[in-house]
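The next part holds the structures, each set out as structure tokens.
Two complexes come next, and they have one chain in common, subunit A, joined by subunit B in the first and subunit C in the second.
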Partner chain A sequence: MNRSIALLAPLCLGLGLTLPVFAQEDEFQTVITPAFSPVTWERLINAEDEPENWMMYSGTLDSQRYSRLDQIDKSNVAELEMKWSYQIPVIDRAETVPTVVDGIMFITEAPSNLTAVDARTGRVYWRYDHELPDDLRICCGRNNRGVAILGETLFMSTLDAHLVAIDARTGNVLWDTEVADYEAGYSKTAAPLIVKDKVVTGIAGGEFGIRGFIDAYDPASGELEWRTYAIPGSGEPGNDSWSGDSWKTGGAATWLTGSYDPDLNLIYWGTGNPGPDWNGDVRLGDNLYSDSALALDGDTGEIAWHFQFTPHDVHDYDSIQVPILADIEYQGSTRKVMMWANRNAFFYTIDRVTGEFLEGDAYASQTWAQGLDPNGRPIRVPGMAPTYEGILVSPPIVGATNWYSPGYSQQTGLFYVTSFDGEQEFFKRDEDYEEGERFTGGGGRYNQPMDAFHSSIRAINPATAQIEWEFPIMPRSSAGITTTAGGIVFTGSADGYFFALDAATGEELWHISLGARVHAAPMTYAVDGKQFVTIASGNVVYTFGLKDN
Partner chain B sequence: MNRSIALLAPLCLGLGLTLPVFAQEDEFQTVITPAFSPVTWERLINAEDEPENWMMYSGTLDSQRYSRLDQIDKSNVAELEMKWSYQIPVIDRAETVPTVVDGIMFITEAPSNLTAVDARTGRVYWRYDHELPDDLRICCGRNNRGVAILGETLFMSTLDAHLVAIDARTGNVLWDTEVADYEAGYSKTAAPLIVKDKVVTGIAGGEFGIRGFIDAYDPASGELEWRTYAIPGSGEPGNDSWSGDSWKTGGAATWLTGSYDPDLNLIYWGTGNPGPDWNGDVRLGDNLYSDSALALDGDTGEIAWHFQFTPHDVHDYDSIQVPILADIEYQGSTRKVMMWANRNAFFYTIDRVTGEFLEGDAYASQTWAQGLDPNGRPIRVPGMAPTYEGILVSPPIVGATNWYSPGYSQQTGLFYVTSFDGEQEFFKRDEDYEEGERFTGGGGRYNQPMDAFHSSIRAINPATAQIEWEFPIMPRSSAGITTTAGGIVFTGSADGYFFALDAATGEELWHISLGARVHAAPMTYAVDGKQFVTIASGNVVYTFGLKDN
Partner chain C sequence: MSSISTQIKHLLAIAICGTLFAASGGNAEDAGNLYNTRFDINAGLKYFERQCSRCHGFDAKGNDETGAPDLTGRLSRASSDVGIFNIIRTGVPGTAMLPVAADLPDSQVWQLVAYIGSLSTDPANIDLPGSVVAGARLFANKGDCNSCHMIDGQGGRLGPDLSRIGERRNPEELLTDILDPHQEVAPRWWTMRVTDSEGITREGLRMNEDSFSLRIMDAESNLWSYPKRQLASIERVEESTMPSYTQILSDSEVDDLVAYLFSLRKEN
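Right, the complex of A and B next:
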């Protein structure tokens, strides 16, 4: 279950040196990471102040993915060169965003493994292999998106719906908690979020008729501290937004990572599609809190407010995007907002204190709604629900965007999102729920080749919800975004490019071909005063730096 | 069986462009390579004169792996940076050496696939997937080492012991010939060698009691032109070097790629271990022509001479190394020689006209022979044959070197080899031959951790068989070597480094960490006047060039 391994060892340079030599393929040797300062909650709150580290999935608690590092800037980004690569020994979708603390990088790997490497060189310290059962219920790929860290402990989700705590120095397991029963369709792929003294984490399985929830665990013991269901139980407010017993298998998975505002003590977390995805006939009503943003009390998990993007969704428009928090100038005053480019093709600016809808507009092609009403509720185009025969709707099931991280730049005040302009034929079917089986009530098919469509990086002004610039990329992209104080937007493409854009104009500044799809988001860090940028492509994690560094 | 695919497409740069977009994961589109000049036999003979291309496994017919390209030299090699990477979508041992013709690169992939990419960018033109049966007999990994090209046709070995001809422009199969019956233990992994108007190719399966041979095929039809068995048949000279019927299952596989001298019209090809590997009791005698170099007539395949490195081998000391041909100054005159660093830990300089032994000495740790006699035959240390209980012998089964390509520099006159100083306990067992089953008669075990040993790059003077310099690398390396007119030796290491040494001194000039074992040999080429160096590491093919190129 846990094994420490040194796949990669220092090269013995020069004649006659007798450095320690390392493992053949089937031999392993424990290597402990160098000492690092424990990652206190204080450090996490102020993560922006130590941009040399990337201490959580979205970089900072506000999930802006904006780094203050500016050594790599618009003037020199074209000189970036690969400093090292690390090859994940399993090919699957690498959706990992590494975490870096004091020169040590933690990389999650398909299916549910974790490796610590030297962030300067990519050389491996240890690997944790999580043993998995053979009969997993996975909707969309065997992957893992990242870890959380608190103190000297890493927290990782696993595909069998466990949360494991791992000693960041050694790779040894400290505890392993079953969050939910994988045989009932639950799984976990997202990085947890540290909130004060708790590990907050969601659950996947929206295509298996689960009932979504957000949990908080004691980092020392792995004991559950609180659980907030994303679907209100019988007798609770909102439960009547589900016809009959449909709430019990209503999905609303919470399968990505949320954000946190320490001043408001509110956790922001998205919820997924109602289940079954494409047949809404069996779950009449708004289906709260599917396809919603939830604001939860940071101590109790109690829901402070909710904002439902797509009431009674029948198109699989999960709202599990990462909420980006920022204080922006809005109509003459500074406003604490949450920005959200939704899978449903609308962008929203929401007051994150109250949940009040401020601005919203479509940022990608869509045919399902006439627009948003003054409360941000979509005004439906009639007759766009899936039929038995199939009906053409935009955006398609994969969405105008999806789980891949958007970014926000404090320099430009713009919000950046990988968006897709596509369409698909949606159809429904009748389907009975059976525990642990897929429960989707339909599906989709493309009636044009995918190359009829393309993606774009779009920069949106959150004060107006209008697009400032766009950079088209082909084909449909599923890469996340990182912005820096160097004035750069870093992202990738499905056809294997990693590239840098001018955050102000969208002008392309640099690109390199890595040879396999970029599913992940970039991140940036520094060691010994040298800035690096890291991206996973295919099964490889590449790190770039400036020539002279 | 054959599908053309564009995994990677040009990035659409800038606003509003409508370049063609490409495939989602499950969609494919045929892309044809740009035109290139057909690779005539004349071009292959003079391959050295067009160093911008790398038109066969070992670069040139003499297999020196010496390139006249000198844009990358000792003064600037430290500025190398990755220009692109291409990810082979299957993880196995990538032992591929790409072929480059006029800016198009052909990459063989595990298990038996082939992809054409743009050598400037790594972008895919097409892929050929060879369908394989489920019950392959493979001793040592599902890999493929490279292709041969003649005209506009590529020739590739496959694990099911076929030879396939593929249209280099489209990836379409032209013919597919069964060379031998994989169910009887035959397989193929090596790049064929073009000799005039024939495709010359060997066979693998030495651990399955096969009978090795070297074949020549008609490139147009795939018809067998001649077959020369590496074990003489009943009544033929040499057959009496096998007791009883043991020659019928005697191995002597021919599982790597040979060399050719156009002036002498001789093909040079190595043969593997006699079978069963470790129990010689059942095959008394010298076991000709196992563990030998064979010189074959280029038109008929007739054996002109042979040189057996290890008579009656009981340690699996395959002699399938690539023969390097050069004309060297030897004792006051120019001599046409063949140089050979053998798995058995001895280096040999042999007159390639006659097969006469000129020089030889141990180049790595060994305990099995007291030395070589004046004819180059080993003088055995008594009692070193494997026993039922096990006996410690050096080199171990993996050898002092193995299949990975050595190199030779025309500038330094030195021969370069990745060598290993190790030891292992060898044991034998009684085993009956059964068709298609392993037939090895024993095995080996390490009684020290592998990190008690290490590899070195050794530079050997072929006129004296003495080591001029060495560069230690850890742990045991299985990377090949390429030398250039820039005065550089390029090679890699098991712990994922790709690096450059000064060919004259062994001084380390540059290295980069690629994150997975280098099993392959580098190669170099140029496009549009820019020199590149390519190496496979893990499942990734990396191409490096100078900053300003």
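Right, the complex of A and C next:
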């Protein structure tokens, strides 16, 4: 019954109607029927048809982060008020994007924990604490970004490179599979992606000389179904793009969530930097498939095509961004495209059927490339590789953007990205590989205060790769973006704001100071016909909604 | 003036060697660092660049984004080599500071301790040419420094509080601050000039600026807070308001002022 109520919501909201009110007097008695019903693959394919739920990391399989909910719109967003907050008990950095299914919200927490709360009140149903060894090998903090769900089971990555299956009703562990050996430098932080009857997941460890891969697991047993390495093995096509044995420790981690096109049966996934990051002398060649987008067969994991954004990268320009899939009008015809604002400061529109490069241009400050050639390959500026003494290059190591989710609006046809115009001195060092130790070959140093650089939310037209508008923020932000049918772009900033922009113009509509860094993407959902917007800031998950009438 | 930096380097070398011979055997609880030769410091530097620089920065000056502290001055969580050793070995619970690998030999941890120790300047090992007493007089009189800077609650508000400046800046850096104040200016001391929608312009030190708002202190110490969207114009001057003392003080007077500022520490 709850399911049928839930299905009413998008219909009514789409028509601009007000939903029936369910026992509004007492919020703890509003659930007439039990919350939560199993999440089938059919529901996941059609996730945009039930916008009251947010059933995966990027909202829908195409990762647009566009919600059809329109109760909160440009005319009333300024009236948003806080409805509840949830304090994450382990003090660390929250990068979580919660998942909501039929009134229940699942929140991942640092280091590798998971909590289920009532999505209307933030009060806890259950909590799962993942036991971790105390000698983790992680590059960049104790983070977890979200879960995947199929049936009644949640799937979560853990910092010790495990994939765990958790009962969505109780928090009990159903299985716990070691994906890779954490002592060799492997770890996991990203939400998995459900593809039909498999759990698809990547791996982190690009600063430890790992060999990246994308895996698919049986959701019932946790058995590995297939593994596709992001670096071709000996004798495979592309292996000769690495000098000597450098491919064995070449990185190309796959540490974020990908996307999926059910019609093409293709999985799209980004790969990270080649290792060692800043010393390319020991790994001559293009270093396939580092810094690439991979299109994989949805059943076998076989690579259908690849597009390498930064061949032979020496600046740590990971292609670890969420691929956004959409069908757009391009030069007089409708094209199935993948949109990608890369850490290397270039935006790309790519035909997602074939991998053909369509459009691309710099969307942020950069000094390392003269531009892109007709195939989308960068034309390098000579002499910009890191040196022992240091050389100034833009974008800096953190990139023009990074892992934080971009968004796309079906209303405006624009792509939105959090961008950074900065520069940094890059250094090269000689290092030998030792299993489980960092293998980066250098580093970087800012020569100016962070406030001297420019950050902004930029809206890009994917048909032209040109910037339509930008909204300045400060300092460098690592917040993701969500768009809605209410005409809004929701995002946050490193100085602790959560705010709403007009998706068409970039005009500020509303902001609130949450007081701590927003290090996650917002998401939106509805319960009992009321739309909510949720964002993690600091160590707290905040949920906002319109005033009750 | 250049003689100061040469002297400091010379003295640092003596200090490093001195500590080596003074160190005694023992365990992490009660001993000094046995691994602090130039070789060890260099080995510690290599380990630091590889394992620690991601958070603490290649120059060990910290990173506001990662929350990793500056390791080149006084450390907030450790006041001795043993304290630094224990933090590296066990990490800091509840923070991103993880322990080093359990199988990393103690000798390598000590090398890292030696490297971190080499980043800060121990005043006991520094013999500066200037006079602290004369520097204190210059600060209050000819230099007129106290019209802008506070020390122990006395002085102006238009520059940084210098009560413990000796813990944060070494003599070379202090010299640069005095002679070329624009070279390194923290954003807190930039100047903002704003005009509101009624055409009123105010100028002040940039106490805080964020995506949507701005707070300044004007020359009369008045505090102003503005929503950016209500301002007609915002101008930012990324320079110091402090004058260079090249033409104001003699070389020996600058030496005195450096000696005085470097003496300003908690224990004083």
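Convention: the second predicted complex is superposed on the first by the 513 of 549 C-alpha atoms of A that agree within 3 Å, B and C clash if a C-alpha of one lies under 4 Å from a C-alpha of the other, contacts with A are read in each partner's own complex, and residues count from 1 in each chain.
Operating definition for what follows: a contact is a pair of C-beta atoms (placed from the backbone, for glycine too) under 8 Å apart; a residue touches a chain by one contact, two chains touch by 3 or more.
Just so you know, these numbers come straight off a predicted model, no measurement behind them.
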Partner chain(s) touched by A:216 [first = subunit B, second = subunit C, both, neither]: neither
Touched partner set for A:139, first subunit B, second subunit C, both or neither: second
Partner chain(s) touched by A:497 [first = subunit B, second = subunit C, both, neither]: both
Contacts of A:122 with subunit B and subunit C, given as first, second, both or neither: first
First (subunit B), second (subunit C), both or neither touched by A:511: both
First (subunit B), second (subunit C), both or neither touched by A:91: both
Between subunit B and subunit C, more extensive residue contact with subunit A: B
Partner chain(s) touched by A:473 [first = subunit B, second = subunit C, both, neither]: both
First (subunit B), second (subunit C), both or neither touched by A:540: first
Subunit B versus subunit C as contact partner of A:445, first or second or both or neither: second
On subunit A, positions contacted by subunit B and by subunit C: 90-91, 449-451, 472-474, 476, 493-497, 499, 508, 511, 513
Residues of subunit B touching subunit A in the complex: 7-17, 19-25, 27, 29, 79, 81-87, 89-91, 121-123, 449-451, 453-454, 469-476, 493-497, 499, 506, 508, 511-517, 537-542, 547
Touching residues (chain side subunit A, partner subunit C) in the complex: 90-93, 134-142, 207, 398, 425, 427, 429, 431, 436-438, 440, 442-446, 449-452, 472-474, 476, 493-497, 499, 508, 511, 513
Subunit A-facing residues of subunit C, complex: 46, 49-51, 53-54, 57-59, 64-66, 94, 96, 98-99, 101-102, 186-187, 209-212, 229, 238
